[in-house]
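Two complexes follow with chain A in common, the first pairing it with chain B and the second with chain C.
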Partner chain A sequence: MTADHGVAEYGAGDLVQLLTPEGLRLEHPDYPLEISEDELRGLYRDLALVRRFDTEATALQRQGELGIWASLLGQEAAQIGSGRALHPDDMAFPTYREHGVAWCRGIKPESLLQLFRGVNFGGWDPKAHNFALYTIVIGAQTLHATGYAMGMQRDGSENAVIAYFGDGASSEGDVNEAFIFAASYNAPVVFFLQNNQWAISVPEERQSRIPLFRRAHGFGFPGVRVDGNDVLACLAVTRKALQYARDGQGPFLIEAFTYRMGAHTTSDDPTRYRLASELENWKLRDPIERVKAYLSRNGLADSAFYEAIEAEATEFAARVRAACLSMPEPKPLDIFNRVYAGGSPLVDEERATYDAYLAGYEPADSVGGR
Partner chain B sequence: MAPVAIARALNMGLRKALEQDPKVIIMGEDVGKLGGVFRVTDGLQKDFGDDRVMDTPLAESGIIGTAIGLAMRGYRPICEIQFDGFVFPAYDQIVSQLAKLHYRSQGLVKMPVVVRIPFGGGIGAVEHHSESPEALFAHVAGLKVVACSNAADAYTMIQQAVTSDDPVIFFEPKRRYWEKAELDVDAPLTDAVPLHAARVVRPGRHLTLLAYGPMVKTCLDAAKVAADEGHEIEVVDVRSLSPIDWPTVTESVRHTGRCVVVHEAQTFLGMGSELAARITERCFYEMQAPILRVGGFATPYPPSRLEESFLPDLDRVLDAVDRCLSY
Partner chain C sequence: MASLKQFKLPDVGEGLTEADIVRWHVKVGDSVAQNQIIVEIETAKALVELPSPFAGVVSELLVAEGATVDVGTPIIIVDVASTSGGVDVASTGGGGGGAGGGAGGAEQPSAADTLAATDATPATDDAESQPSDRPADTPEVNAGTGRTAVLVGYGPRDDSPVRRRTRTPQTSAPAAAASMPAQSWPSVAPAVAVPNGSGSGANAETDDATAGVLAKPPVRKLARDLGIDLQTLHGTGPDGIVTRSDVEAAADTSRSGAPQRLLPRGGEERIAVRGVRKATAQAMVTSAFTVPHVTEFTTIDVTLSMRAVARLRELPEFVDVKVSPLLLVAKAILLGIERYPMVNSAWDGATDEIVVKHFVNLGIAAATPRGLVVPNIKNAEALSLAQLARSINALAATARDGRTSVADMQHGTFTITNVGVFGIDTGTPIINPGEAAILAMGAIREQAWVHSGKVKPRWVTTLALSFDHRIIDGELGSRFLRDVAMFLEDPASSLLARL
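The block that comes next holds the complex of A and B.
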């Protein structure tokens, strides 16, 4: 293991890479990728828009409009590449940082912001988007993903599940149990591990003494390390892994080797535990710049294209901001909604009591309601 | 039909649940060929296949976590936790995930999962096999918690729990597994006492004994002895620990004016604490005496040679009854 948090290890031989940081296209014998020019430009647009969204959300937090924000900065390619590999009927189980995957699943950005603003726990229908709610307890969702995949298997479904988690989560019992259950039942689930080198302040070498993708072999299924800053490699490898799962061959682990370029969340201060030089090294591997370099070098995009994307991003950010600021506040009595599917006399009683209590203090001319 | 033991009644209830809904599945450690360490799932895998009755890897968090995923996919898993003391590796999945998913999804995700847990002591077991963790679950919003005390209830309550769209923690009184009672297997489930209703199992007018699970029998025995001394004790089987059937409980206490709560779990912050507090709030002017509690001590569950001293028995219940009546 290296103590430079992936800086040197990045170039090691095990890494699947289809697009170098300089924007050179490589071929990989196991992961061929047929991709049209339009698709390439579409990936660039996805990457640029989710980064702009992330920047806006960070600003909204700094301005007090969000309680906290978990930035995806640096992980755009891992999320867009894997997210665009999914079929609509595949199911995704995110952590709390999968804003890029959410984008691919058609989740409205404001639905994500609702969670971070504290309006609700995520404002989307998991079934309508085949995108589960964000899970904050580290690694817990990998078991849900495995169970869901076991259900798909029973249903004779031709789809697969993808479970997102990180290098820190790889130490959790739940993730290891998910590997065991998935292997034992041959469940159609792809474990997508974004190794962003840092679990808040704790580096990856505290979590594992072998490269994380090799863990899969001990559980009896394949593991591959992909350049997590290479959207094409993430797309190709995830596609293949999902197909492997759909074909009934069981689980697959992808380690997307990437870097958390920002703080863990807006409450974190990474200057306390890592060197600026490390970030500078990783900036040279930026997931968006290399796509831009490739598009430009091959004449697939011109300045008008980039300007149009930039304008779209600016307009998108303004829309996100407006949606955040105009978000309705929840009402006090919303606390009591939907605790149980079948209702509860205790909750009903507490709601009535609290309602009466609030009514007793309400000025006669109050508006807004409870 | 001949009287049936609780373990057998649960087995029959599970069989019915499997027959009636193809989405119902049973999962847990040793539930397949072995039929569970208490034989509650005996023969079910043979008849319904290993897709419906699944032996799982030995990992409790994995059992509940994958059950959550299966429920998201439309299944209705019944998970067996082999012993009360082994539920804690799954506690995070139960408390932080299973209990909250309906709430946090604003009702879009339902969690029809039953977690069966044999609980309580009195069987001479090694440690971690005799715990009574019910209050730790009843404290959690989003969970429903029930405990059966006899074969007839076991048969109906397990079926009702499976039809619930909310997660149900289903406590089974392991030391009573072999106690028998008559079952009416032909009565429609809709005619049964609702899952979350308490039941007066012996009427009386001098004092109410509140109990659930294994202590109901102890309380019924105590009531019989007390009757010889001229005390007419009413015994209420609380059955549902979350939500609690307050109308039935308070009606009984209003009527008798005195109440003793009995459970194996430690008295401190046990179910008895909540029962006593609420009953006092609601029945203050009808009460003739403070509510007394009989339960385990504020110690870990002791080695089995000491468990008879730890567990409430007939004498400790009668002692509390006498003290309560003496006010």
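The block that comes next holds the complex of A and C.
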């Protein structure tokens, strides 16, 4: 039995860390980071607002307003750090948990709720934000990302692609195929693996005999493990990996070593498979507290700053809630309008059939139109 | 002016149809904030806490603890008009304007992020304009269509009028007990089965019901301690105040007569078997009728152990932790298992193998508000005595709060059940499925005992060990039990002998 799951490895020699859980700044020879005071405060604000958003979304699910929610609690630093490393013209391919990255890409957080409320299949224009739609199929987006990167390569683009996935996805064929293609074609793609220790109920150690970042070496490209709860380290390492890809050196794997503090989704109950002591250990490594400790210790922020962020977060959460509750409900036939841009006789026929079917059920005046 | 909002039981787990109401965190009259946890529910998948969608004052709890309710059933009514400031209820009614612009999004949203701002249908605040047969029915109604837009249960239930669950039949407690049963676990005090576990506090929930009775706080406390319901008393003090002597007199009659609160006269009561009770029943039937149990007893003088407990309490390592005889019993078992590892094993009928565990996950049976649970201390064999004491304390505290996780209860290898805390001498415990033995510790009483040739008052207890006779023969079971007993009779010498 491993009573203290994942803890033995944390802080081991391979881990890139620039800010300790106690808020002490470290230097790393390979990943120097220059960052202004404003940027530091901005990162704190990102982290705090994204967490508040996530809390509100979880509450909305518990109140019956969302069908399901995948919480990012605990993974804020991995997402904000990597998300803020991206250039606007870089392309990101998320899973369904990348709410922090979406925030960095300028997507209105309430847009993220549309999929989870079931009012549409996305909620944003991927091209406008260079942020693909959430992918529910585990690991599939790593193939999309690799293909996209190969396309960029052929277009002579100077940008890079980042593909998000988790430790569970790393066991899937898609991810391994993506690694092979990316390596074979030297595609400018950064694989950003958030190792949150649990693939629903399967612990990481069941999935790999070696630390996940070392898998990259077998495919012939570099792999680095970064403290996924350290926003500065995630920022520095992702910046360097993206530059590596842009410079034409090919793919790069980052394993952000972090922890899913909440359930896999709101349908999951983690107390059935993991011990309370493990959660307590990870609480001590909170990604936000260490930034706060650093800011406070160095006089970069005072209580007025934190109070202002808190007030902003409260207002923000109320806005998200209001937006969620006022989302227009889709009509049953809307789905047929999204199949072909130019229409299709088959779809038209299906629409007519379904319309007739619905008409057979409802009193004409009870539903506000189809 | 009241503005009532209902909260319907949501589907918290993709396609669930019902849930059990485990525990209300609020009562009628409480103020609640938006997103404050109001109730714990248990679904087929998980124990889940539900946050309030409204800020306001709890007007009514529509379902009792222990009830199973369908998704979509209203469970609570909150008066949102009584809220003073705070989050506006427009958030539940979908106030159209609030969505746009706003405080600190990342960058400007692009036109692609079409949302409510342009085409959202303004929703009515339905609370005050409801037809009388559907009072404040839904949190959200789209104007013009009359359709509910809430996602609860994946679609509105047109056929569900406000339905009130019939409450579990209970005592003849007066209606002032509102919509909550005074006690959902009528007969067992919510005490954890470890020594010094207090059996009091069982009646704390009745405070609510007695609020209308005049009595001074010390008298209320006395009544609570004695299990007397103030509502049932006729106060003889000025203005009908219930006095200390009224309570004492009632206590005398209730002692001489039948316990008046717990046994309603006549009739019968049917209690649905579910949750922890169901799990317990299944486990006990499986164990009792597949495992050939043998139980052995030994009665021993534990005076030296009691002295050791007293001494340990004074050591610096133990200052902030509760030391009880259970700790020594646990240690005795761990040492016994070291000598007789076969006791710490499991029968695998599928492969015809005995699985001997090289670690001890020591289970301790606990009576909790939710029923019997057996959390275990993982790798207890590796713990120092002080660590073991801390683990027992933590386990008991977690169980008492009803927060024991399933993982905490899985993979046990040996169990202790402490019936002594209930003042019982011994019993024939049933083995926890997946284990080979269980030890019951009885009450430790001062008794006349022959010690060094003379009858003296000594601390005496009885240990009972049930074991799986497929794995453990009488000889092994007896040796193990004797080994545990010898340690408790003289812990110091037993330890020295093992050096």
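The criterion applied here is as follows: the second predicted complex is superposed on the first by the 352 of 370 C-alpha atoms of A that agree within 3 Å, B and C clash if a C-alpha of one lies under 4 Å from a C-alpha of the other, contacts with A are read in each partner's own complex, and residues count from 1 in each chain.
As a working rule, contacts are C-beta pairs under 8 Å (C-beta built on N, C-alpha and C of every residue); 3 or more make two chains touch, one makes a residue touch a chain.
On a predicted model such as this, the values are computed, not experimentally measured, just so you know.
Undergrad: Under the superposition described at the top, does placing chain B and chain C together on chain A give a clash or a fit?
TA: Once both complexes are aligned on chain A, chain B and chain C fit side by side.
Undergrad: Should A:Ala178 be classified as contacting the first partner (chain B), the second (chain C), both, or neither?
TA: After superposition on chain A, A:Ala178 lies in contact with chain B alone.
Undergrad: With chain A as the corner point, what is the angle to chain B and chain C based on their C-alpha centres after superposing, as a multiple of 10 degrees?
TA: Result: 110 degrees at the vertex chain A.
Undergrad: Which partner chains sit in contact with A:Leu133 here, chain B, chain C, both or neither? Use first/second/both/neither.
TA: first
Undergrad: So in the superposed three-chain picture, is A:Asp125 touching just chain B, just chain C, both, or none of them (first/second/both/neither)?
TA: In the superposition, A:Asp125 touches chain B and chain C alike.
Undergrad: Looking at A:Ala169, would you say it contacts chain B, chain C, both, or neither? Reply first, second, both or neither.
TA: neither
Undergrad: Of the two partner chains, chain B (first) and chain C (second), which one does A:Pro345 touch, if any: first, second, both, or neither?
TA: So A:Pro345 only meets chain B here.
Undergrad: Using the superposition described at the top, determine whether chain B or chain C touches more residues of chain A.
TA: Counted on chain A, the partner with more touching residues turns out to be C.
Undergrad: Considering only the touch criterion stated at the top, classify A:Gly106 as touching first (chain B), second (chain C), both, or neither.
TA: After superposition on chain A, A:Gly106 lies in contact with chain C alone.
Undergrad: Is A:Ala85 touching the first partner chain B, the second partner chain C, both, or neither of them?
TA: Neither partner.
Undergrad: First (chain B), second (chain C), both or neither: which does A:Ala149 touch?
TA: In the superposition, A:Ala149 contacts chain B only.
Undergrad: After the two structures are laid over each other on chain A, how near do the C-alpha atoms of chain B and chain C get, in Å?
TA: 10
Undergrad: Which chain A residues contact chain B in one complex and chain C in the other?
TA: 125.
Undergrad: Quick one: which bits of chain C touch chain A in the complex? Just the residue numbers, please.
TA: Interface residues on the chain C side: 7-14, 35, 45-53, 87-88, 90-96, 98-99, 102-113, 115-116, 119-121, 123, 139-140, 142, 144-147, 149-154, 359, 361, 378-379, 398, 405-408, 411.
Undergrad: List the residues on chain A that touch chain B in their complex, please.
TA: Listed in rising order, the residues of chain A that touch chain B are 120-122, 125-127, 132-133, 135, 137, 140, 142-152, 154-155, 173-174, 177-178, 180-181, 184, 337-342, 344-347.
Undergrad: Taking the complex as given, what residues does chain A use to touch chain C?
TA: 1, 3, 45, 49, 55-56, 59, 61-68, 103-111, 114, 117-118, 123-125, 128-129, 263, 266-269, 271-276, 312, 315-316, 318-319, 321-323, 325-329, 366-368
Undergrad: Okay, in this complex, where on chain B does chain A touch?
TA: Those in contact with chain A are residues 51, 56-57, 59, 61-62, 64-75, 89, 92-93, 96-97, 101-111, 141-142, 144, 164-166, 242-244, 246.
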